[in-house]
Amino acid sequence: MTPILEGKGLVKRYGRVTALDNCDFDLMPGEILAVIGDNGAGKSTLIKAVSGAVAPDAGEVFLEGAPVRFHSPIDARNAGIETVYQTLAMSPALSIADNMFMGRELRKPGFRGSILRQLDRSTMERIAREKLSELGLMTIQNINQAVETLSGGQRQGVAVARAAAFGSKVIILDEPTAALGVKESRRVLDLIQDVRARGIPIILISHNMPHVFEVADRIHVHRLGKRICVVDPKACTMSDAVALMTGAMEPNEIAA
Amino acid sequence: MTPILEGKGLVKRYGRVTALDNCDFDLMPGEILAVIGDNGAGKSTLIKAVSGAVAPDAGEVFLEGAPVRFHSPIDARNAGIETVYQTLAMSPALSIADNMFMGRELRKPGFRGSILRQLDRSTMERIAREKLSELGLMTIQNINQAVETLSGGQRQGVAVARAAAFGSKVIILDEPTAALGVKESRRVLDLIQDVRARGIPIILISHNMPHVFEVADRIHVHRLGKRICVVDPKACTMSDAVALMTGAMEPNEIAA
Amino acid sequence: DGHAISACLITKTDTNPFFVKMREGAKEKADELGINLLTFAGKVDGDHETQVAAIETCIADGAKGILLTASDTSSIVPAVQQARDAGLLVIALDTPLNPIDAADATFATDNFLAGELIGAWAAASLGEAAADAKIAMLDLAVSQPTVGVLRDQGFLQGFGIELGDPNKWGDEDDPRIVGNDVTQGNEEGGRRAMENLLAQDPMINVVYTINEPAAAGAYEALKSIGRENDVLIVSVDGGCPGVQNVADGVIGATSQQYPLLMASKGIEAISTWAKDGAKPEPTPGKDFFDTGVALVTDQAVDGVESISVEEGKNLCWG
Amino acid sequence: MSASDNYEAASAGASDRVAEFEDTRRGPVQKFHHALHQTPSLVPLIVLVLSIAVFGVLLGSKFFSPFALTLILQQVQIVGIVGAAQSLVILTAGIDLSVGAIMVLSSVVMGQFTFRYGLPPEVAIAAGLMCGTLMGFINGFLVARMKLPPFIVTLGMWQIVLATNFLYSANETIRSQEIATSAPLLQLFGTKFNIAGAVFTVGVIFMVLLVLILAYVLRHTAWGRHVYAVGDDPEAAELSGVNVTRTLITVYMLSGLICAFAGWALIGRIGSVSPTSGQLANIESITAVVIGGISLFGGRGSILGMLFGALIVGVFSLGLRLLGADAQWTYLLIGVLIILAVAVDQWIRKVAA
Amino acid sequence: MSASDNYEAASAGASDRVAEFEDTRRGPVQKFHHALHQTPSLVPLIVLVLSIAVFGVLLGSKFFSPFALTLILQQVQIVGIVGAAQSLVILTAGIDLSVGAIMVLSSVVMGQFTFRYGLPPEVAIAAGLMCGTLMGFINGFLVARMKLPPFIVTLGMWQIVLATNFLYSANETIRSQEIATSAPLLQLFGTKFNIAGAVFTVGVIFMVLLVLILAYVLRHTAWGRHVYAVGDDPEAAELSGVNVTRTLITVYMLSGLICAFAGWALIGRIGSVSPTSGQLANIESITAVVIGGISLFGGRGSILGMLFGALIVGVFSLGLRLLGADAQWTYLLIGVLIILAVAVDQWIRKVAA
């Protein structure tokens, strides 16, 4: 089976800092691939490189077997890859609905939409409220709040809801539950499984081992800028995974 | 025993949004007080109100029994209260050492320090490197990197290291391990316990229940802008705590 | 050819048609005499530093002489001195330096006289009514550059109003003056200033303007309230559009100056200086070479010498 | 410590009602606060009304006449139109120092095409509008594609366009009388009509309509939202799917086009085509924008506020002149009042927060 | 799934060496890249050297003489000094439009105190310096305490200070000859010395020293770091313990003081005390700052860059004039060259990244 998304020999340097060091990567159709690794291991840089947010210094990216070159995140989005970045990528002064529908706004039906190009605010707000409620974010009192006034977790919830609502081919989630509460995290995990059930593969970056082992089909272990191995969560313990990613154990010490 | 830090009847409204709704709060000497609650429950607003970062609309704050009024976070810092905010509060373009020593820079010894007021960069860099290594952040390749170029977890590590290094009376940590990896989180928990051992009380906000139950002496459960109860982690299960904070259970259903 | 004489022309700005014509005049003469001409200008009126830099550039360039219309007539003196010390002939055009002998020679219009002519003409045209005229003064800029002050004060003198400090405008307390406002010497400013003064007193019937663009702007303001025919507008400059405006009745009278003459005389003087080291002589009885000023109007009045619009058109400059 | 494995399940029974709080503050003051929050342009509007009231009291009917009040509108029209262009650019966290120069060059193109080349005024006007749009496009291209700072790009363009203007026009003014006889269309924006003593010009109406339309576009269309997003945080906008380059280029082009319209309106206002006009348009338009509450850091504020900002300065200028302050004192007092206006604005915001 | 309770313990054996990578790129090009990264002011320096080289080739010894090259220094001294003040303010994410006005008022105070009131020049100079500092304080107070936008505050102050200057000085120039005879101390900064054909003035030396000292202070003292932090993100700076208000007020006061020194230097440069000077100082100083690579959004850039920025403009201006371009063509070309300079700067940064 060809991977749906694949990276080969990716390199990214920032001045004196090496973030990606000849890194390989693949995502199979319909799977949940978890990416784990220490802080600063290069996980975020990796997904930025495959989603068009940074241009790698070397290496190639393949989508469904064909080489692609995303010049901007918009290219990746148009190819059906939806990403929640760790920095969330939202416009602080704009409202929740504005952010959620940024770049794919809904217009009013009829004349007002086609000629006056008027946005359908009420529908967008209703959908935004629904998506947030699905995630259990019940503390958002005012759906017109600017995103900068949301709490850390609320903000993350909005970003996750956006990706889940629009991803069509691949969904990439960079630490989607880091700031979320217990209930909200749980809902996100459910959501991830729902999405997979719809046949859409997911890349999940997370530091939460129980969550990773609960949902992942395969685990990509990242260390010092490269993939050191891929492990099967059913065949491997959390302790092994942690030992691998922190360098306490070498990959050849385990049957991968 | 008088609480070292106490809040009474704190209220904070943002336009139509109520963040704190007549909220009480106390921290006893030498304890680790965990604050848990849903996203948007008002936890961050609460600690901002007691650390001078926002002015509450109503209510009072007491430090060691005496009413205080912090007009800015500097006042609170001068009173010995050190805070890691959820937003981390760092200057993106400045280096790690600059950020760590912001507002309490070290000067060179002798003439160059006293007359020329020259900063002792090498010492500050050395200390910064030490503090980060204590937290297990070994992936920072260049100690002169600007903070904006750090990974999410590295950035959080810097903020936590700063608070731990300088807090003298109270240390407040707002989700200090949210972006941290397994190893780094563990080190932060160890650090929290070290600090308590030095007799300094700590407020810990976290969504990670196992961590909370591991280190906390008391747990302040926050819901919809107010404290609904305080529970003892030894007398209460995680499930109860989660049920309380999400509203699945009422506080009078449990012996607090 | 490396042996050609070179000369510099430094004007206040080169956005004002007056200075544009001056440059054209200089260029023409320079070409005729085989002189290599460098031209410089400040960015805005009052841009003194650029003029200093220009003088320094001319010295560095090895020019033989400088024609200068100074923005700040006394501050420029040390820079001029530096140029003269370096062996350049410096001629002040249009505006005398302060002191006037800081330059080797001065070819200028008497701006005070220019103002006096239109003042006297306005007073005479009004006759009896001059005693209770309502006058709007549309000046150049709040920084009160010298030309603006000289023309303004000349006008008031000519009209028969007692001056306060003759070195600044706006300190007169004659009740006939409705007010002063500034125009930046263009149409837009002229219109706005006129509107402001009309809002103060809609019965204004005499308008002094610093130059003809400001006059055209003032006329638009008057036209918009239907008073364009019962107000007397006077101005200074004598550019071709201005003279045409006199013909069309927009402006009652204007004092005409001769920038082309100044410039060509100046170039001739530098050429002479380069050949035999002789400096030009001032007009007898004055401390500068007066290139003359003439009142242009078709409504000549007694006691004020004037030329007709027809003659004005033949002499106008742009 | 008890079974940690399924503590997460305990949240299953969590309430799923959206949080609501009783609002104990329900008086008219609170309603007003709320309105202020929803409509940021209300604040400069209040300052405007206050200043009209103060000058009205001080000056009585001299100021409070239809003539004086509509005069302010006429005096403000150019700044208002240019300010609309400036607002768009500033909302994207840019700045446009070339607005005045583009305006003047466009008006010169309209005039010279008609009178030098003898083209029909319609064609000349179209050429002028295209010229403005082209200048805007160059700005936008340099800012968006070459990633140069807007301040420097438009500073450079300011000088380039202005110099081109003087070189092309040879500093020649086209006189009002000539335009009126052979190409009155150029003076269209100066056309007056009188409604109960109040004098309106086409230019004034155009300014008001333009601002209203832009306010609609910015608030109610996708493009408008993208403008805000780009100004707020261009990186986030790019990551969340906004075509930042295209948005910026269209903003600068539109800004150039609006400036060209301002050039046409300028001919209507001063009657003639004069290459020396509009020198203060950039600083005046930025002032209006900032007094109107739009942040120079981009992404925050409303274009209606800009209009009120421009009117505030207009009211102050005329009011002070009518109070008899002389030119230099007016200049000084306007400085004081600009600071005061923004201080009052800030104070209202603070009280309302 | 296995015992999850102590999986965290597995990290105990983790390596505790700081991550290191072999750097395979070690040529001189890489060294150069690295230097560019460490020293952002190198980029404008390269542009400066390039432009000197180009004009040197075009003009030969006319330009490449000690006299012409030091002439550039003299011509940029005022912009350089004022630019230092402007840099400080812009580093805090502010802008100071009043620099030119403060400079001129300070020089007028120095002159008038000496000649109108007959005070000794030392006292008059002290008064002038205090006057500048006071103006700066007012700016700082309004920005830091009243939280008004710097653009508006300094725009207002610009008008206020300039009008005060005209009113106070009664538009009178104090002539060079008088100053030279009775208070030569006022002309101190104009004192020249000649080193092998190169002419230096005290003002030029002062400018260079000032920039070097400020570069040291900004880089190597706590206050300097606070200036950057405040410009970078004032909220974060406040939360992490910087006294933002005090930092801002001191920055504006220092800026005012430096402008007052610029006023003194101005007397040295033009000989006389002229209330109409310095009208372009604000736009020119901002240009120098931006060409020098300091971000208008604050917190990024180096003051040395500003000096190179000022010199770049100086080189272009003199070079073009010597090439014989007439005024409008010079302005046009300077506009083009400003954009080009920043484009080259951006390009070098990109290639180096």
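Letters A, B, C, D and E mark the chains as written, and numbering starts fresh at 1 in each.
By definition in this document, a contact is a pair of C-beta atoms (placed from the backbone, for glycine too) under 8 Å apart; a residue touches a chain by one contact, two chains touch by 3 or more.
Because the structure is a prediction, the values reported are computed rather than measured.
**Q** What chains, if any, are shared contacts of chain A and chain B?
**A** In this structure, the chains that contact chain B and also chain A are D, E.
**Q** Would you mind naming the chains that touch chain D and likewise touch chain E?
**A** Per touch definition, common to chain D and chain E: A, B, C.
**Q** Count the touching C-beta pairs: is A-D or A-E ahead?
**A** Ranking A-D and A-E by C-beta contacts puts A-D first.
**Q** Taking each chain's centre as the mean of its CA atoms, which one is most distant from chain D?
**A** B
**Q** Report the inter-centroid distance (CA atoms only) between chain C and chain E in whole Å.
**A** 37
**Q** On a C-alpha centroid basis, what's the spacing between chain A and chain C, in Å?
**A** 71
**Q** Where in chain A do residues touch at least two different other chains?
**A** 15-16, 18, 40, 87, 138-141, 182-183, 185, 209, 224, 242, 246
**Q** Name the residues of chain E that each touch 2 or more other chains.
**A** Within chain E, residues 4, 7-8, 11, 14-15, 19, 21, 162-163, 166, 328, 331 contact more than one other chain.
**Q** Any chance you could list the residues of chain C touching two or more other chains?
**A** Within chain C, residues 14, 44, 142 contact more than one other chain.
**Q** Which of the chains are touching one another, listed as pairs?
**A** Listed by label, chains in contact pair as A-B, A-D, A-E, B-D, B-E, C-D, C-E, D-E.
**Q** Inside the complex, what are the residues of chain A that reach chain D?
**A** Touching chain D from chain A are residues 53, 72-74, 77, 83, 85, 87-94, 98-99, 102-105, 107, 116-119, 121, 129, 133, 136, 138-141, 162, 182-183, 185-186.
**Q** With touch defined as at the start, can you tell me which chain E residues reach chain A in the complex?
**A** Residues of chain E touching chain A: 1-4, 6-15, 19, 21, 23, 33-34, 37, 353.
**Q** Quick check on the complex: what are the chain D residues that touch chain E?
**A** 4-5, 93, 142, 146-149, 151-153, 155-160, 162-164, 166-167, 283, 286-287, 290-291, 295-297, 328-329, 331-332, 334-336, 338-339, 342-343, 346
**Q** Can you list the chain A residues touching chain E in their complex?
**A** Listed in rising order, the residues of chain A that touch chain E are 15-16, 18, 21, 40, 209-210, 213-214, 224-225, 233-234, 237-243, 246-249.
**Q** Which residues, counting only chain A, touch chain B once they are in their complex?
**A** Chain A reaches chain B through residues 14-18, 37-41, 44, 86-87, 137-142, 145, 149-154, 157, 175, 178-185, 207, 209, 224, 242, 245-246.
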